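Input: one structure, supplied below.
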């Protein structure tokens, strides 16, 4: 079996990286709560989603080690997200124009 | 004598594929959420006021922290610090339990107010609000179920760690259950602002 | 000769555990494949007999053999069995498991245990589904589409059936995860992407759909169950729900599902045709990419099932456009199959007959699909028996025939015995004729305006329904003949060597039936493409 | 499939013919070429292939581009014709159609209701589609039109009958046992005939008494159909014996005009047994003596005068409300019990789990109209929608009619 004779082992991620990320996540959480207090109207949902995506990419790339994985993993994730976007987007061609 | 040969990368990739399916699973509910929000912006705002933001925030912090601990656990086992691994996994599980207890109190409070799927009180509050709470209960419920599964998974694996079945050489099991746990966290990262913070 | 017993029985005898447990607990892909094959064929026969019952009821206007409630339950169960228990797992789970690892030179799939679990999910799902017919307050009567609000109103046993479908979906997901990983990680030395047999390519595309679309079915069915238990009103218009959203969620899975059904079939055909024309598959890369294209584009078109549902006109515009895009890759495939025949050396062995009739049936079904894809014509045709005709052409005439082709092509490999060709050809002829009579008539009466799921119909639809019913009898005879012949072949057919067809893919280089570890002690090293027949000789049988 | 020269049918048929035409060509082409190859290059003639072409990018592009062009024309043709199905001519007449399990009801601008759709020839008709329960679909093959009736949503179709005649309408979205029986017709009448049919027959004026009862909100407490409420029902009062309580003593009185007048002017003088003294008094300023008389007449007259002309009215009602979709009048039983010989029939019904036998009487029928699933006749399933869209008078009419069956 070819690909993994020489299985590449991940370097352990230093603890402080994780802790820094964690601090960032907490900060962003407070940020969302804060923003939710001031009035932005419709923008509001988008702001929340924006921050949420930043948080999730932090989790995915650092906590979940995606940064260290091969390209295959990243492409896979991208494909999934694209399909997801399509599902949502095309559904709205109905909802918004009914 | 079917040949099981070792392929850690493959195993992790398989886990990632499984996580994709989980994301799509939840996305079904989030699509419904988006559609209903487009339909009832006002009622959604009003309804989300009824949710206790403090429970929400606390649970967010709990989950983020648990994500950190399990991530640290991976580093620990990679460095072959078994005790530390066990400790960190234990903390993670503890946090999972805290999350669930929190949820229990939150829900029992709301149900106490007569707010639960199919209740008359909800029906009186009108379509938009009903939809909001139905979705809230189903999404949060499904998420809670995942917290339960994730916690159990980590528990089982830590036993294996203690038994020395999962080691610095061969820790894919722990890593995969960690991945699963992070997914639980990810879902909450979106669930929290969408349900608790829409104003 | 015919009566003599197999001298070598491969993975049938080499097992760590003896007896039945050696099967039920086996993680070997071949044994799991065989177990899948048995269950799937059984379910097919059950569903098919229900199909015949449906036709009998429709032989004439008015009640004939059953009442309306029974009829509704019959076509519902027929649909659920055929979709979730027959075609979705048919080729991928059965032949995928049997053939795929050997074809890429692997000794098993990436996650053998998961593979076994997926089989158990299938069995549990199937048992629950059958149980739901007899238990509770009557067999489910929602149609396989579970449309709300009817599915949340009716007091038949819908929840159990929905849960069964959920389990079957889960089984399908696990298979998908397994195949994607296997194809990425376990290809033998020299098995480059360019040397993958087309069957593997199509399974790869299929597996991705299984992974990315099936969960949507899962959540949809869960919501139906929750709705029935809590009466929350998620889809109840009076309480802010939207019945049409259910249809979106359902079809987001169920349209891609139809490509889960057909793609592996196309793979089988792409294996069979080159072998029996002894010529490389025409336009290998075009075929490979069209498979991926179908998988991708297939997930953009779900709402073409909803033109008349009250969805927005803009959505109809978009989805109608996208629907026509999907047709292109299928067209490319058809043209390539046909040109593979050009200047070949064509032998009309049974698998080839089924392959060629696949092209014919699938073309009819697919072209019918175009009439359904166009906004104006679909308004008239939707929810008529034309649709029923369309999907029997694509599912039964397409995947069904591909499945039969696979049976005639690969069974000898895994049983070590050859069936009787003459009988096989006669059976095929009956099947082909009966099939086309049945469903042509059904399409025609649909164009006349007979709605589907109709237990009784207006007198003017009588003649064509009669024809369809009579056709279904010919079909049935053909099928029975085919099954009996295969069965006889398995038990006392001529014993065959490694490579009866003179095929060039890996599975034909190992003994029939293959040994437990597929290849000897040495891992195989691949040096040729899958369709380089130079120097490959078919051994006599 | 008669009558194809109507606009909607033409729009659809153009598309159908175009697509089927192309499909037939393609199918023939592909099949003939295949057969030709199979015969020409059979193994007996060519033991070995005479070419091992691996492919040709020119060809691939050709049969990628050609199909694209073909399908795009199909798409565009289909779409433009679909537009024709959605754009309703301005001079269209509107009819409201309500689908329920398993019948159709059509309501015309002038308020009349029918179970068949009557339309004038050569006038475009816009049908507004509603559903009372689950999703149904309005399908008229002769006009090639179909649209789902979705609960809580209004959809529409339009068509123009160019020839008089009767055209089938079928329900095309699966909706349960009665799905296949959910049929009706579009009756296209020549302009003159239609005018005659549509001539407004003067709506029978509702009696003054009833108006007053409604205006004063009496109905809030007193039902008109015998069902119990906060106050005694006003159903069939004339000549009834009644136990009342007058200043502490219980006495029995006979209901007559004086009694009724008293109980409106000074309601709490006599309290009907089992009710609370809570009704407000109505003096001249609220209900003039004339109106008072009218009310009393109405209340007393009701039972007698109403009964006469209900008979055929009941027959009308069960037709236009689609009861006949499930209940036969000829004794045949498919989905629901037949109406034949209903009055006084002994039926075994299931009431919350327990089986009991009862004789069919007015109350039973009224109950099974308003709360259909309280008692379920043995051997049938609870699926009948409540007829709560009917007025008390209509209910009475139906009940009386059914009892005579």
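All chains are identified by letter, namely A, B, C and D, in their written order; residue positions are counted from 1 within each chain.
We adopt the following convention: a contact is a pair of C-beta atoms (placed from the backbone, for glycine too) under 8 Å apart; a residue touches a chain by one contact, two chains touch by 3 or more.
Everything quoted here is computed from the prediction, not taken from an experiment.
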item	value
Chain with minimal offset from the mean of all protein Cα atoms	C
Inter-centroid spacing, subunit B versus subunit A (mean Cα positions, whole Å)	15
Centre-to-centre distance between subunit C and subunit B (centres being mean Cα positions), rounded to whole Å	35
Distance between chain centroids, defined by C-alpha means - subunit C, subunit D (Å)	41
Mean-CA-position distance for subunit D and subunit B (Å)	47
Sequence positions of subunit B contacting 2 or more other chains	5, 7, 9-10, 13, 17, 20, 23-24, 27, 31, 35, 39
Residues of subunit D touching at least two other chains	none
Residues within subunit A bordering two or more other chains	1, 3-4, 72, 80, 83, 87, 91, 95-96
Category of the chain touch graph - line, ring, star, complete, other	other
Footprint of subunit A on subunit B - complex, ascending	5-10, 12-13, 16-17, 20, 23-24, 27, 30-31, 34-35, 37-39, 41, 53, 57, 60-61, 64-65, 67-68, 71-72, 74-75, 78-79, 175, 178-179, 182, 185-186, 189-190, 192-194, 197-199
Subunit C-facing residues of subunit B, complex	1-5, 7, 9-11, 13-14, 17-18, 20-29, 31-32, 35-36, 39-40, 43, 117-118, 123, 126-131, 134-135, 137-138, 142
In the complex with subunit B, residue positions of subunit C that touch it	14-16, 26-29, 107-108, 110-112, 114, 173, 176-178, 180-181, 184-186, 211-216, 218-220, 222-223, 226, 230-234, 238-242, 245, 248-249, 516-517
Residues of subunit C defined as touching subunit A within the complex	106, 184-189, 208, 212, 216, 244-245, 248, 252, 299-300, 302-303, 310-315, 318-319, 523
Residues on subunit A engaged by subunit C in the complex (per definition of touch)	1-4, 72, 79-80, 83, 86-87, 90-91, 93-98
